[in-house]
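In what comes next, chain A is part of two complexes: it sits with chain B in the first one and with chain C in the second one.
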Partner chain A sequence: MNLTNTNRYARTLVRGSVYALVALWLVWIWGPILWDLFTGVSVNPQTDPPTLIPQQFTLEHYMTVVQEEDILIYIRNSTVVTTVSTALSVLVGALAAYSLTRYDPGDGQISFFTLSMRFLPPIAVAIPIYTMFIGLEWINTWQALIVAYLTIGIPISTWIMLIFFQKIPEELEEASRVDGWSRMQTWRRVVLPLATPGISSAAILTAILMWNEYVLALVLTTTKEAQTVPIYLAGFVTTRGVLWGRMGAATIIALTPIVVLAFIAQERLVAGFTLESS
Partner chain B sequence: MSTVDIFSIWRQRVEDGLSSERAIAWLFVAPAVILLLAIAIYPFIQMIYDSVFAFSSAGQREAFVGIENFVRVLSDGRFTGAVLFTIVFVMIVVSSEFLLGLGISLLIYSQYIKRRQLLVVLSLPPMMLSPVIAGLTWRMLFNVEFGLVNHLLSLNIDWIAGRPWAAAAIVITDIWMWTPLFVLVFASTLQAIPEVYYEAAEIDGMSAWQRFKWITFPQMRTAIVIVLLLRVVRAFKVFPKIQVMTLGGPGSFTESIAMITYNYGFSFFSLGRASAAGVLYWFLMFITAFIIFRAVAEELISPEEY
Partner chain C sequence: MAKTELLNLRKEYDDVIAVDDISITLEDGEFLVLLGPSGCGKSTTLRMIAGLETATAGDIRVGGEVVNDQAPAERDFALVFQQVALYPHMSVQNNISSPLRAAKLDADTIERRVLKTAKLLNIEELLDRRPSELSGGQQQRVAIGRALVREPRAFLLDEPFSKLDQKLRIQLQKELKQLQGEMEITTVFVTHDQEEAMVLADRIAVMDEGSLQQIDPPENIYQKPANKFVADFIGNPTMNFFDASIEDRGLKIEGEIYSEWNRSVRHASIDSMAARPEDIVLSESHTTESMLTATVSLIEMRGSTAYFVCQFDSRELTVLKKNDHDDISEGDTVALSFDFEAVNLFDSNGKLVNVTESAVRQS
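Take a look at the complex of A and B:
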């Protein structure tokens, strides 16, 4: 009797502390993001003592960021570069990954080669690419970033799809070939539908990586004609002092596309991150 | 046996070769391999070549200088300081993220929690953000006067410009950003462990610690090894976060290898030294990855699917 009571108390206590710790974890994760959100709509974000929820709300900072600081131009640049480079990476990566899982030309050497690209530090890629692009007069252009981003995009998209394609049973293709379908028919009706989730996971992850990329854009672009959103954001520290209101507004604008993407394709995103680190 | 026969046999063989699976296989991997050779490997070899030249500030090769760039970089206190800082940074953040991530994922997968998938998804946002955004956000939070951190902890620390504190601020930001990756990977591994194992353990009367030691941990081993390797490689590249938080300061206290390499090229306009630093940087990463690979090779070759 006494023993079961103690047990019950102990269980309640453990349950309570598990809940408390998980709640603390969520506050830790979401606190800084809420801080950005509230800072961006606060009339005076720098107060002593600091308050998370502002006393007066305003959309002034959003207006300034859009109208005076031309954030839309940076967003345009980021969108073009991310879209084109992701599309190319996923196309090239899908072909490579399919071939590597089905036939493995080069007996594992190619997949090792592709994977090892992820060990190259971006700055060690950026410096020689910079000297190469000076010669081509490509500095501060979209195509410079699109091409440079392939060094990140191809390895990661190939890797994700490689792991995914390995899980698609080869027998299905063989069966449809036996049924007399041509290679093209087999691809269109069997391989592609099965591969689509892997392809979209790869695309989402590659796009996020490129949207957030900083080092290559820092080296290869010089003005807002081609600079991307992360370069614009970093400018808050070096050139414009620390304007908290605008900074909050700009960060929220910059992370919205990712949040929307993550929300729409939640399942694919989680699968992508899991495949990437497997 | 006429020559025509030989010719037709030969032609047949070429056609067979072209239509064979193998040719198609090579055709499919070709774009990826050629592109990577052109935009990653070729520039990389170029960088090794550049590292033995002196450059004009406009970026033109001026004179062959042999190993002088390497000597200057290696005898530069800022470079060796950056190497040391980066190595210590990697060790601290990766081990903290690992332990914290393991703890959180075990909490989420404890018997008390119902909506596990939702909690995992809610844990992800920081790792999807640009390091620039993470850096700016925490720079505000760590502000000495108006920052929330000092206020909540009733401290008065100058996190951004103070000597050990600037490093701590960067470490905390990195932990905030990347612990979610460990939570995600460990959660998906925990989910895959068959419930039967735990039922058997219950019958055997195992304690919670024994269950972790003999069931959970062995099942997670491969995932742990891979995610650690991935994180070590990534943490070695730390740069944008530091750029927006402390700019490498105070002094050059929080400068990372990537940052000093960038500074050689674009603040001191010495592409020769930048190339030499880039070669050394890559070499260091390669050695580290090699050591980890060697240490865990058995783990990775295990027949288990990972």
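Take a look at the complex of A and C:
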């Protein structure tokens, strides 16, 4: 009798702590976003920092951000740069990862080497890149950011996809070639469909990295012709104080596209996994 | 259909010789089994025929034409893999139709042939399923279907049944043999299982360490092994080996002369004798004649047959228990005599010495 009681207490305790941890985690994750959400809709949140729950609500900051401050231009820049650099990263990464799993001449050294650029702090790389792009007259252009981002995106997506390609048995490709399909056809109809979950994961993670990248964008772009959202958001921290309201509104707007993308990709990711297991 | 020939086929990986100058001519419609221990080069040979490995030297000829540089599909050989290798993201229907779609046949023909093949293999109810929803045996049937559907020039199978349980394996062996006979399709089957080889083969090619040891019908492989390796590898229980030499008075086996050896073979370099468990005769050792003796250490029951395991000169011999052996029990000392019609003699190089032929010539 006593024992079952102790058991019940123990179980309640464990369950309670799990819930507490999850709750803490949710506050940790959602807290800043909620805070941004509230700040963005409160009237004149000029206390420093503003209170969490606003007294009065307004859409004024959203209007300002969209109509006067051209957030849509920054979003356009970010979208173009993120889309193109992610697409190229995943394309090159998929081919590279596949090649490395099938014909790795360096015995793992090559895949390790591709990551080596990430060993340096980004700012150490940003300066030399900046000097090179001056020579190309690429400063403050989309292609400058895209090319610079590929040095991060390709290794990351290669590494993520390596694991997925390794799981595809070589016999499947041999079977396809014996069936009469060429190597390229085999890649398209056997390897690629089975690698879908890996490709989606690589795409999401690379896109998130690109969307939020700050240091390279700060160095390589100078005006809103090419500047991306993170640079715009950082601009609310001015010498005369932080523009809390606009920053909250802009953050929520900037967050939306990548969240939507992640949800869509996640759905595809799940579909990809079930495809593989069924 | 055209004859397929392997001419001095060779495959080297860095320092390792995987396949060492193999020459085999595949007769039309024959069932050839490549048999050997793992790592003997049998799978590599098959993969070279399929076109998945390129030969280091030598030719593969189909109807006289060298096909070494042709892609797998151009050679028109179908291959069934040990790991089944069905496309997990495609239905059974699409798995089977894959080679037909690759050949760009029209939809009606594809549907007709897939259905025909599925009926042949009793898998027509499974066409809409995914490979992961099938049992191991069903998966292997689908894999065979994918190979059969294209009506290939030859059918290559790489240990396709090794992952299945015994009952299913025997069932599929039977079906495959039947199917092969009906379709008269040239077949090369790789296995390390000698019983499977015996059941299936018209001819068995025994390989070891990359080279061909013997290629013959199963009964020849069993009765007249070309060398000591084949003698030792084929047969379960395995052959018993003895040192032997020809003397004036008969055959000297492990120091004892057997004078009932009445053949006048004089082969200077006879070195050893191999006797199958059924070719050794035991008798209680009270005879005056000098004979080899051994001690029965175990009687091993194997269903319808039983074997004596005998201790002989710190080795074990396996001898088939015959009807007149009922009074021999464990611990007895027995005398060994041999059925000299059936035993095989080998020279010092381990090659079979053809006794009957020599005997005819000598007498």
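Operating definition for what follows: the second predicted complex is superposed on the first by the 243 of 278 C-alpha atoms of A that agree within 3 Å, B and C clash if a C-alpha of one lies under 4 Å from a C-alpha of the other, contacts with A are read in each partner's own complex, and residues count from 1 in each chain.
FYI, a residue touches a chain if its C-beta (ideal position, glycine included) is under 8 Å from a C-beta of that chain, and two chains touch if they have at least 3 such contacts.
Because the structure is a prediction, the values reported are computed rather than measured.
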When chain B and chain C are modelled together on chain A, clash or fit: fit
Superposition-derived angle with apex at the Cα centre of chain A and sides reaching chain B and chain C, degrees in steps of 10: 80
Chain B versus chain C as contact partner of A:Leu145, first or second or both or neither: neither
First (chain B), second (chain C), both or neither touched by A:Ser176: second
Touching partner for A:Val90 - first (chain B), second (chain C), both, neither: neither
First (chain B), second (chain C), both or neither touched by A:Arg118: first
First (chain B), second (chain C), both or neither touched by A:Val41: neither
Which of chain B and chain C A:Ala202 touches, first, second, both or neither: neither
Which of chain B and chain C A:Val81 touches, first, second, both or neither: neither
Touched partner set for A:Val215, first chain B, second chain C, both or neither: first
Superposed model, chain A: greater residue contact from chain B or chain C: B
Overlay on shared chain A, then closest C-alpha pair between chain B and chain C (Å): 8
Touching both chain C and chain B, counted on chain A across the two superposed complexes: 276-278
Complex contact set, residues of chain A against chain C: 169, 171-172, 174-182, 185, 190, 193-194, 275-278
Interfacial residue positions of chain C with respect to chain A in the complex: 50-52, 71-73, 77-79, 81, 83, 85-89, 98-99, 102-103, 130, 132-133, 146, 150
For the chain B and chain A complex, residues of the former touching the latter: 21-22, 24-29, 31-33, 35-36, 39-40, 42-44, 46-47, 50, 59, 104, 107-108, 110, 112-113, 119-134, 136-141, 145-148, 151, 176, 180-181, 184-185, 188, 223, 226-227, 230, 233, 236-237, 239-240, 243-244, 247, 257-258, 261-262, 265-266, 271, 274-275, 278-279, 281-282, 285-286, 289, 306
Complex contact set, residues of chain A against chain B: 14-15, 18-19, 21-22, 25-26, 28-33, 35-36, 39, 45-50, 52, 92-93, 95-96, 98-100, 102-106, 110, 113-114, 117-132, 134, 147-148, 150-151, 154-155, 158, 208, 211-212, 214-215, 218-219, 229-230, 233-234, 236-238, 242, 244, 247-248, 251, 254-255, 258-259, 262, 266, 269-270, 273-274, 276-278
